[in-house]
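Going by the order they are written in, the chains are A, B, C and D; count residues from 1 in each one.
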Amino acid sequence: MSAVTEKRHIPDRLGTSASRLFASWEALLLCVAVLIFIANSLASPYFLNAWNLSDATFNFTEKALIAFAMALLIIAGEIDLSVAAIIALASTAMGTAAQMGVGTPGIVLIGIGVGLGCGVINGVLVAGLRLPSIVVTIGTMSLFRGIAYIVLGDKAYGGYPPSFAYFGQGYVFWVVSFEFVLFAVFACLFAILLHATNFGRRIYAIGNNEFAARFSGIRVERVKFLLFLLTGLMSGIAAVCLTSRLGSTRPSIAQGWELEVVTMVVLGGISILGGSGRIGGVVIAAFVMGLVTFGLGLLNVPGIVMSIFIGLLLIATITLPIIIRRLRYGKTA
Amino acid sequence: MIKQIFRYREILLVIIIAVLLAVFSTRAPGFARPGNLSNIFNDTSILIILALGQMTVILTKSIDLSVAANVAFTGMAVGMLNASYPDLPLPLIVLVALSIGAILGALNGLFVWKLNIPSIVVTLGTLTIYRGMAFVLSGGAWVNAHQMSEPFLQTPRQLFLGLPVLGWIAIIIVAVMYLVMSRTFLGRAIYASGGNPTAAVYAGIDVGRTRFFAFVISGTLAGLCGYLWVSRYAVAYVDIAAGFELDSVAACVIGGISTLGGIGSVAGAVLGALFLGVIKNALPVINISPFSQMAISGGVIIAAVIFNARQERRRGRIILRDRGASEQIEVAA
Amino acid sequence: MNQTAALMPIPDMPLLEMRGISKSFPGVKALNDVNIALYAGKVTALIGENGAGKSTLVKILTGIYSCDEGEIHVDGAPVAFANAQDAIDVGVTAIHQETVLFDELSVAENIFIGHAPKSRLGLVNWKAVNARALALLHSLESNIDPRIRLKDLSIAQRHLVAIARALSVDARIVIMDEPTAALSRKEVDDLFQIVKRLKAQGKAILFISHKFDEVYEIADHYAVFRDGKAVGSGELAGVEQNEIVKLMVGRSVEHAFPKVDIALGTTVFAVENYTHPTEFRDISFELRKGEIFGIYGLVGAGRSEICQSFFGITQPSSGKLKLDGKEITVRSPGEAINAGIVYVPEERGRHGAVLQLPIYQNVSLPSLARTSRSGFLNAAAEFALARKYAERFDLRAAALSVPVGTLSGGNQQKVVIGKWLATQPKILILDEPTKGIDIGSKAAVHAFISELAGEGLSIIMVSSELPEIMGMSDRVLVMREGLSAGIFERDSLSPETLVRAATGNASV
Amino acid sequence: ADTIKIGLVAKSLGNGFFEAANKGAQEAAKELGGVEVIYTGPTSTTAEGQIEVINSLIAQNVNAIAISANDPDAVVPALKKAMARGIKVISWDSAVGKDGRIVHLNPSSNELIGKMCLQLAADHLKDGKGDFAILSATTTSTNQNTWIEEMKKQLPNFPGLNLATTVYGDDLADKSYREAQGLLTSQPNVKVIVAPTTVGVLAASQAVADAKKIGEVYVTGLGLPSEMAGAIKSGATKEFAIWNPIDLGYSATQIAYRLVKEETDGAPGSEIEAGRMGKIKIGDNGEAAMADPFVYDAKNIDQFSKIF
């Protein structure tokens, strides 16, 4: 090593060994999903039935739509806890429109528009005024749902046009629901956006080091603003699906979804501290959560006990790799 | 000292609360009577205690979303204990409450300390687990007033110098927490671990262990609140204290505790909780439609966040170089 | 602090000895079977290239990392440190390479955190803490109020606090990891006074620096690390600098700054009466094609701020910028990059690189618009770009896909400079380009800067190092407290004039 | 033959009222033989939770679903799907929109409940004259809203009785308590608080007791004896009413069974055999009503608080 003048060759990548691939989060999660699938089919004779499995997808498709956008937001180091409240507000707006006799296309546009509008508000507060997103969205969470309560009070809106039911209850072919198709399409779109575009790369840069990203000419505020907009948009779309599925709107709609969406994202391997994670993980996590709730539902396990399982699953999937790594490499790793 | 700079903000909060009280009492003559004020304080006691626990955790750059679930589980446990063994002396029951709370808090803390899992993930998981455990423990059944023993129900209600014991407990906790935060090694370690974790390691502070203790404090206080809650409302059921995790965070934020850790004071947390308490109590009294309450609290939280950020910014030194690790204010808009 | 002569150990038995220390990080053997000894009343200088393992040794010695193999002996008895507190208890204290202090706590709290005097009830006695902090700061010739928050101090004052913190422990072994990197000459002199006093008190001192003049000024012993191994040590007196450099890099290094004289072209960049409400006022200068324009000043003079305002990070309140004769406004780094102005920041870990992302992604980050096709990433183009600059700088890394954070400081700096050159700028602003870089890499960076200027790039270079400023610049702007203290032509540069202008004091 | 599976869906699990209804359902199942009652429900009172529960019941090929709905409209699509797959659906306690079920079994008629609440309020006031306030559950609870509506409708029949205000405690103990406390402060004329929900009566009684206003302000409404025993003892409540949830669960199971067995089609006007409850007559809109609410007071509370 004495003659330093000769240029070293630096390889592009270190070899990706098979063991590394298997140690990835997605692989682990996939195993969990398969295990749960097997356990479910053993535990209940009703599980392996096309229609039942199709019904099971409704457990997660709407939440997953939001989770995709939330994943991007969390990778960028922000969070949006107001998503469920956005659904409530968007649904209320759609209900109001339906009462006034607006047709299905108009209702859908209004729902998505309100979602976008809420996204703009969050975006302005967080990106524009540089406020911490976790508290801002705790605030807008109360605000958005609060407005829904002011509008609706103790009333409910129903009376949506029959054609509106398609978004939440329609099937594209055989057992494949419209919602599931929407889920699949958005999964691909978001995967491309995050992993194959400059925009996606910038999200990672911001999440890892906001200052360095800014110094690299990335317009951090604009990216964050767009991400809040995107989250609002996806919440709007989820609101359309959910409202269509329920056929009615009450201000308490989608209560508590924000935590389930965040759980889905984190279970999908997105680091809550920002900067790392992949969409594929979120997709698998959606299935895992859907399978767990549906499987336990078939056994008539109460919802709150299911949530214990989800909570345990969340902690276990995060803890296990750490413990395994410790056992293998010792404490410093 | 930290407090010097922040004194301004806390005095401001006091003024705002006073103004609120004045405004409300013009709408409802009875509102500002000492009796009612002590009522409000008493009613807010539980939130104050929870906010102090939350503050401790937030100061270390973590968050405890499981406090409300901890209250529910502990409350249910001591409620059932009291119902089945009415003769157990109250001090023992309180000790049990504190211990259960501390154990649940310690569980959170262990994951954060030993496995280095981000607190938001851990407590998101335990939030559902603890509440689920309350359901499993009780089978969903309630513990009602007539099943509870006289001392269990009445002790926190005893008047002492015009204020119920519940209020005095809050005052004692505030005093103890003030001492802990300002005069003990642990207190300094908590500020240091949140303000600059790397520097804390270099200073010989075990950041993980400090966080662990913060979670134990938060859990213990939540356990205490579990008993106080059940006794105050004379009923224990699975859903008690629903939503209090966010209320306690909101109280901290309003009180100027930075969600990025290391900044904030006991007085801030107390005032933040009182602020929320006054609003919550005032709305029904001044006949604001119950439907607008939620929107109003949301608006208030957002306003407080914006205000706090303004304060932070205006506080800049003669030279604008004052950039906390938190945000780079001068960076291009 | 009341060290008495009775406690002084026998001089030739080492006060502290580290034997056979090894430490690995994933993919790197940072220390390999290292032995080092520190003696009471002696300063040992630890010298080595970037990434040689110096800071790693310091961290092991202060209980922040645990070593994989090896043992530490103090006074001949083995010790083990589970955490930083254990090391403090044994009497080891350190000024670390990074400033590791608490912005939100007061100066006194910063100094005494972890070992504050307590009252009988076990509660901290703040009065006593403040008083002791004040006394300590006085002994350092500083009049900082111990009650104000660290946030409100200047960088140099913070360093003093860090030093006071290290001294507040009644330690026998004092470690200083590049303590002078951010200090002006005057403050370095003050620090050296303290070091001499500590020496006289019989403490053992480990001193790490890349600056040989300082090493020769203060050290008694030396130890040289190369690639994680101790390759030489002994008494410094009588050892030539060149011999040490040879040990360090395995060859001798040209010492002269390779500034090549080139004919300067037309004015490409002009700054007129640039003013910021609080940071700087009335700065004017012109930059020509191929010119290296130095900006000199003490830390906190506002050099970084003015450069950052050219780059759109901060906004001036008045004044004009002209690029190629046309007036421009730069509102964001993005606009600056598009205009061809780039800035290599001073704090590379915080502002320069995204440490968690791979090398190639860091290099391509500001150039994504060029390496991508209609917004979609093109990994091949990114690798090609990164490879180009990695080879040009002789980057040392396992692969282009490893995170930048795993590289040593010097190699990180290479990535950061490469990242900016990859945007093919017209004007390159370098803020302390060789801060904390070893002598070998430093020469390479200097050669490269010259080469770039030769290619017609206009360069603004901020530096606190006189030899660097004098060796590299065509002209030098000296700043003092946000104001211009004069622009000096290359042939009128002398250490005296520059320092006098920078300090406003004739007697330095 | 295969056992008949009936899904009994509660508004939420853990609520004493529904637990009692389940007791009745199990009793009916035993009586009928060959019947398995799956008692289930979401853990919080949401429509979404109930839809998931309904989906899993459909997946288990149950023969009938008997539901107390959290939202009359939101569960309809899911229930329609169930009916499309040959499952007989009825609602009980809290109704489902007409398209979503065959029969709805009211615990009592809504008029009667409204009247009962007003009667209870009047009983607590001197000469039956004065102000009272309503402390309800959530703003979206179907039955509470219907009953409040009925109360307002029948108010003219009680001259001198004046409804001061209606507040909502969301079926949360702390919120209800605070609302009650607010009433005590802001509405000094209110002498009776009527809460048509157990959580509400309980919290209001506690608030009255804590404000030392026992004997001055009374709390009444609809509650379970086991939960209300304390309030009666403290004197904050003199009497309250409730129908019998055991009978309700019993009848719902009976009706579901008959529908599955196709002994009846549940059309308006038909009569359905319901074991010890006798015959239940299906009225307009496919609704049937059980008995009058029963009033509990200090004399009989101990006897009933042990049962439900």
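Operating definition for what follows: contacts are C-beta pairs under 8 Å (C-beta built on N, C-alpha and C of every residue); 3 or more make two chains touch, one makes a residue touch a chain.
Since the structure is predicted, the reported quantities are computational estimates derived from the model, not experimental observations.
K.L.:
Can you identify which chains form the pair with the largest number of contacting C-beta pairs?
P.N.:
A-B
K.L.:
Counting in whole Å, what is the centre-to-centre distance of chain C and chain D, each centre being its mean C-alpha position?
P.N.:
Computed value for the inter-centroid distance: 73 Å.
K.L.:
How many Å are there between the centre of chain B and the centre of chain C, using C-alpha atoms for each centre?
P.N.:
One centre to the other, that is 43 Å.
K.L.:
Taking each chain's centre as the mean position of its Cα atoms, how many Å separate chain B from chain D?
P.N.:
Distance between chain centres: 35 Å.
K.L.:
In chain A, which residues are in touch with two or more of the other chains?
P.N.:
149, 153-154, 211, 214, 302, 304, 307
K.L.:
Please list all residues of chain D that touch 2 or more other chains.
P.N.:
Residue numbers touching two or more other chains: 13, 43-44, 139, 168.
K.L.:
Could you check chain B for residues that touch two or more other chains and list them?
P.N.:
As it turns out, chain B has residues touching two or more other chains at 135, 140, 238, 291, 331-333.
K.L.:
Could you please write down every pair of chains that are in touch?
P.N.:
All chain pairs meeting the touch criterion are A-B, A-C, A-D, B-C, B-D.
K.L.:
Help me check something: in the complex, which residues belonging to chain C touch chain A?
P.N.:
Residue list for chain C touching chain A: 26, 65-66, 227, 249-251, 311, 313, 332-334, 336-337, 343, 345, 350-357, 360-361, 365-366, 368-369, 372, 375-377, 383, 387, 390-391, 394-402, 419, 440.
K.L.:
Under the touch definition given earlier, write down the residues of chain B that touch chain C in their complex.
P.N.:
Per the touch definition, chain B meets chain C at residues 1-2, 4-5, 179, 182-185, 187-189, 191-192, 195-196, 198-206, 262-263, 317-322, 324-325, 330-333.
K.L.:
Tell me, which parts of chain A touch chain C in their complex?
P.N.:
1-4, 7-8, 10-14, 195-202, 204-205, 208-209, 211-219, 275-276, 332-333
K.L.:
Which residues of chain A touch chain D in their complex?
P.N.:
It comes out as residues 44, 46-47, 49, 52, 55-56, 58-59, 149, 153-154, 156, 158, 165, 168-169, 242, 245-248, 250-256, 293-294, 297-298, 300, 302-304, 307.
K.L.:
Over in the complex, which chain D residues touch chain B? Could you list them?
P.N.:
13-16, 19, 43-44, 139, 165, 167-168, 172-174, 177-179, 181-183, 185-186, 188, 199, 202-203, 205-206, 210, 226-227, 229-231, 233-234, 305
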